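Order of writing sets the chain letters: A, B, C and D. Residues in each chain are counted from 1.
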Amino acid sequence: MFKACDVVFLCLPHGEAVNQIDRWAGLAETVIDLSADFRLKDGASYARWYGAPHPAPAWVDRFVYGLPELTRAQLRGARYASGVGCNATATNRALMPLVRAGLLDPNMPIVSDIKVGSSESGAVASDASHHPERSGAVRPYAPAGHRHTAEVEQMFAALGAAAPSAGIHLTVTSIEMVRGATAAVHVFAKSPLQDKTIWKAFRDCYRGEPFVRIVKAATGIFRLPEPKILAGSNWADVGFALSEGGTKVTLFCAIDNLVKGAAGSAVQCLNVMRGFDERAGLGFIGLHP
Amino acid sequence: MFKACDVVFLCLPHGEAVNQIDRWAGLAETVIDLSADFRLKDGASYARWYGAPHPAPAWVDRFVYGLPELTRAQLRGARYASGVGCNATATNRALMPLVRAGLLDPNMPIVSDIKVGSSESGAVASDASHHPERSGAVRPYAPAGHRHTAEVEQMFAALGAAAPSAGIHLTVTSIEMVRGATAAVHVFAKSPLQDKTIWKAFRDCYRGEPFVRIVKAATGIFRLPEPKILAGSNWADVGFALSEGGTKVTLFCAIDNLVKGAAGSAVQCLNVMRGFDERAGLGFIGLHP
Amino acid sequence: MFKACDVVFLCLPHGEAVNQIDRWAGLAETVIDLSADFRLKDGASYARWYGAPHPAPAWVDRFVYGLPELTRAQLRGARYASGVGCNATATNRALMPLVRAGLLDPNMPIVSDIKVGSSESGAVASDASHHPERSGAVRPYAPAGHRHTAEVEQMFAALGAAAPSAGIHLTVTSIEMVRGATAAVHVFAKSPLQDKTIWKAFRDCYRGEPFVRIVKAATGIFRLPEPKILAGSNWADVGFALSEGGTKVTLFCAIDNLVKGAAGSAVQCLNVMRGFDERAGLGFIGLHP
Amino acid sequence: MFKACDVVFLCLPHGEAVNQIDRWAGLAETVIDLSADFRLKDGASYARWYGAPHPAPAWVDRFVYGLPELTRAQLRGARYASGVGCNATATNRALMPLVRAGLLDPNMPIVSDIKVGSSESGAVASDASHHPERSGAVRPYAPAGHRHTAEVEQMFAALGAAAPSAGIHLTVTSIEMVRGATAAVHVFAKSPLQDKTIWKAFRDCYRGEPFVRIVKAATGIFRLPEPKILAGSNWADVGFALSEGGTKVTLFCAIDNLVKGAAGSAVQCLNVMRGFDERAGLGFIGLHP
C-alpha cells in the first residue's frame, strides 16, 4: 500500500525500524528514522545500553546522526539520517560549546538534571500517565542509567574529546508539563573561568545556527532558557550560569521535545540533506504567554 | 475472608452493590453504599436514567439517601444509606435554599454548569485520561443528559416542590484540576429578589450545618465558593450572585468530589446514623494556597 | 515620534482610544481599535454598561464592529473597525446559527457560562493573579452583569432578532489555563429540534468561513470544541449538544482569547478591510497535545 | 498591643527579626524565628552570604538551628530556635545519611538540583509571579550562589565532616507547582557502593524519626520521593538511586516547603523544646491523588 516516494520518516517503536529498513530504503531515496535504532555508531556502546549486539551494523554505518549543529557537514547529501534522543540532545546542545573549547576538567563529573513533560512518555495511556496521578508530579522516572547517556558520550567522541573519567550522569524528572525538556548540565572547568570566556565559547559554537539562541539576561523574567515559550517551535535555547569561584558552571538547554527533540529536528535534517532552506517548514516562533 | 463487622462501606462499580447487598448486609449492621444502586427512590426514574428496572426495589426502600443536609432526620438510626452523586450533590446544595424558600419560577429552566477535576472519572487510565490529552482540557464530557439529574429531581420531590416545567439541565465540563467540583446553577425567581432575601434563604437552610459555609464577599480574592481550598476537606461552600433586575440568580456550590462528594459524605452519614459526633474523622480544614 | 503609516492597531486601556482617535486617524488610513471604546452602536447601551454617555458618538458611527462572521460586508473597504470582547465573541459565535435560523424561544433565557484563562485579566500583576492564588482557581470572577452582554444584545439587533425577554446572562469563571475561552451557551428552542436541524443552521451560518470549524463527534476524545488545541491559532471551534426532549440546546464555542478573541480577529478584519487574503498572517493551526 | 505569652513564632522579612529580638524575647519564654537571621553559627559564613557582619552575634549563640533530625539534643529545653531554609533542609535531609556514614568522596563536588513551587517566592505579587508568566515555568531562578548553601555547609560542620573541596552547588528551578520542594542531590562515593550499604546509612540516620520516610520502591508509580502527596503534611520523604559502577548516587528529598520546610518544622521544634509529643499538631498525612 505504500508507493515509492521521495522521503520517508520512520516513527516506529525501538527495534522496529532496523527490521524494516530494507523495505523503506527500497521505497524512498531519503530515509530519516526517529527511533534509537541507528543512532549509536559504536557497537559496544549499543550493546551496553540496548542489551544486545546491533542486528544490522552495516546499516548503522550508512546513517548520519541527525544533530545538525554537530553533523551538518555529513548530513549534506546523505541519504540516511537518524533522529536524536530528546534528553541527549538537550544535554548535548548545552555541553557542546565548552567541549569544543576544551574548557572542561576531565577529572570532574558531568551531571545533567533534565526536567521533562508528559509527552516524552509517548501516546499510550498507563497508570503512570493517568491524569490524577501524573498531574503535579515531580517524578524521577530515570534517576540513573538513562540510555541517552550513550549519545552524550558519542558527542564527545565526535568532537575528539575524552569523556570525563568521573562519568556523565543523566537524571530525568517528569514535571507538570506536556511539551518541553530542559537540561541543567552541571560541569566543572579545569581552571576558573570568566563569563566572557563562556560567552565566546557559546558564540563560536552556535554562530550562524538557524535554530539556536543564547539566552542569558541580567534582568527580566526570562534570564535563562525555558521550554514553555518554545512549545511548537524548533528553537533550542541555551545559556549558562557561572558560580562564584569560576570553576562550576551550570549549562542550560531548553527545547520542545516533540519538535527540536524529535520531529522538527528530523525536518531540519531533511532540509540539510537535500539542500533546501534549512528553515523550511519550521517557521513557528512559539507563543507567549 | 470477610468477617462480621460494625460497618461496611461499599465502593463498587455501578450494578455490583445491588448484586452483593444480601451478603454485606449479613456481615454488618450498618451498610453505606457509595454507588448509584440505591439512590433513586422512584422506580420510573431509575429505569429512565439507568436503562432497566431496578433489580431489587425492596432494598431501595430500606436505604436512606445520604445527603445529611436533606435527610438527617431519616438517617438517624438508619441501617442503610446510599451515597450521593458528586455532581448532583453540588447542584443540590446550591439549589436547596431557594427551593425550600419557594422562590423559584416554576416556568423557568434550571441550568447547572458544573466544572470538575479528573478524579471524577475514576482510577482507571484511558486515552481520555492520558496526561498529554487530559492536561489543560476544558472538555464538555457530559453536555446533556447526565444521570445525576435524577437526584436533583428527587431533591425537589423530597422538599415537596415541583421540578420546573422547562427542566433541570446539567452540563459537566472537565477542567484542569484533580480534586474538585463546582456547580454554577443558573435559576430564575418568580419575582425580583434582593440580596437579603437570598441571604435569609441560605441562612435558614444551612443554620447549624457542620459542613456548609456561605461564601459571599464583596472584596478579596475569594468572593464566591472555589474548590481548590476545599481539597481533602468535607466542606461544601455555597454562595450566590444576583443579576441586575433581580430575577436571575447564579447559585454556587464547591466541594471536593472525593470527600464531600463521596467518602467524606459517607463518613458524615455514618456519624449521623450511629449517633456519633457528626464531625468525627472529618476535621481537616483544607490548605491555602 | 510616530510617523504616518498604513495601519494602526490601538491596544490601549478602555477610555484611552476614544481620547486619542483624532491623532491616530490623522496618521493612518486604517485604524483598528481593540478596546471597548467603539464597539457599541447604541448610545443607551454604552451608557448603561460603561456608566456614562459616549464622549464621541460621531466616531462610533464610523467604526464597524469587527466580527467578520457578522459584519464582513461592512468591513470591506471600511477605514475603521473595532475589536470584539473575547467573551462576547465566544458567546456570539455559538449563538449566531440558531439566531439566524430563528429557532430560539423568545420567552426563554439565554445563559452563557464561560470558562477563561488568566491572560484575560491582562498583563499587570495583582494579588488575584499571583500564581499561588491563581493556580488551580475555579473562580467566578464575573458571576453576573459582565459588560460583554451588550455585544451579545447588539448581535441580536444586527441580525434583526429580538433579544429574549428573560434576558441574556453571562457568567465568567477563571480556571487553570493561560490562553483560552470557551462558552457553553444554554438556550431553549421554541419547538423540539432534531440534530439535523441544528447541523443545518450551523452549516448555513458558517459555510465558507475561513476560521470557523464545527466540532461535533460521536467518538474520540475531542467531541466538542476545546480551547487547548486552539492556543495561538485564529480558529473558532463551535458545536452543540441537544438534550432529550429537543428543546434545550447547549451551544459551544472555544477560542484563544488573545487571537480569535483579540489580535488575530483584528488582523482578520484588516485583511477584509483592505481586500487581502483573509487568512494572511494567520496560518498557525495550533498544537496537539 | 502584644501581651506576654508562652511562645512566639516570628515570621518577619530577613533582617527584621534580629532588630526586634529583644522585644519578643521579653514577651515569651520560647521564641522560634523562621527568618534567616539566626541560622548561621559562623560569623564569616553569615557575612559572606548575607553581605555584612551579623548585627547581634551574641543572640546567634543562643539560638539552636531548628532541624530536629540534626539538632534534637540541643533543642530539648532550649528557649530559642531558628527555622531552616526550605531548600537547605531538603538538601540536608537527603545528604545527612551518607555524610554521617562517611561515604562521600571529599574530592568530588555535591550538586543539589532543587525543583520548587511558587509559594517559595512569598505572598507578594510580582511580574514574575503573574499567572500567565509563572504558569508552566521551568525557570532557573537561582542557578548558582543560593544563600541556603551556607546551611548545607553548616550541616557538614555539625556532623564533624569536611565539606567537599570541589564545593556544594545548589541550583533552584521554579516549576509548575504551588507547594513543594524536591532536591536531587548528586554525590560521589569514595569507593563503589551497593544498595544495601546506602539503605543501612539511611536507616541508621532516620531510625525512629517521626517525620522522615525512606521511599525507594522497585515497582509502582511512586518509586522515589515526590512532593505532591506531601502537600500540607510535615513529612520529609527521602530516597536514593545508585548508578551503574556504584560511585555516583542521586539522593532525593521531597517536602512541602511551607510545612516541613517552614511552619511545620517550627512546630516540631517547639514540641521538642518544650517536651511535648513531637507529632502534636502535625497529624495531617497528605492527600492522594
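FYI, a residue touches a chain if its C-beta (ideal position, glycine included) is under 8 Å from a C-beta of that chain, and two chains touch if they have at least 3 such contacts.
Since we're looking at a predicted model, the values are computed, not measured.
When the partners of chain A are compared with those of chain B, the chains appearing in both lists are C, D.
The interface with the greater number of C-beta contacts, when B-C is set against A-C, is B-C. Of all residue numbers used at the contact between chain C and chain D, over half are used by both chains, marking a mostly same-residue interface. Farthest from chain B, judged by the mean position of CA atoms in each chain, is A. Separation between the centroids of chain A and chain C, computed from CA atoms only, is 41 Å.
Centre to centre, using the average C-alpha position, chain C and chain D are separated by 50 Å.
Rounded to a whole number, the gap between the C-alpha centres of chain B and chain C is 34 angstrom. Chain D has residues 119, 127, 132, 135-136, 178, 289 in contact with two or more other chains.
Within the complex, the chain A residues that touch chain C are 119, 178-179, 231-232, 284, 287, 289. On chain D, the positions that touch chain A within their shared complex are 108-109, 111, 113, 115, 127-128, 132-133, 135-140, 143-145, 166-167, 169, 171, 173, 175-177, 180, 182, 184, 186, 188, 221-224, 226-228, 241-245, 247-248, 250, 252, 254, 289.
For chain D in complex with chain C, the residues that touch the partner chain are 117-119, 123-127, 129-132, 134-136, 178.
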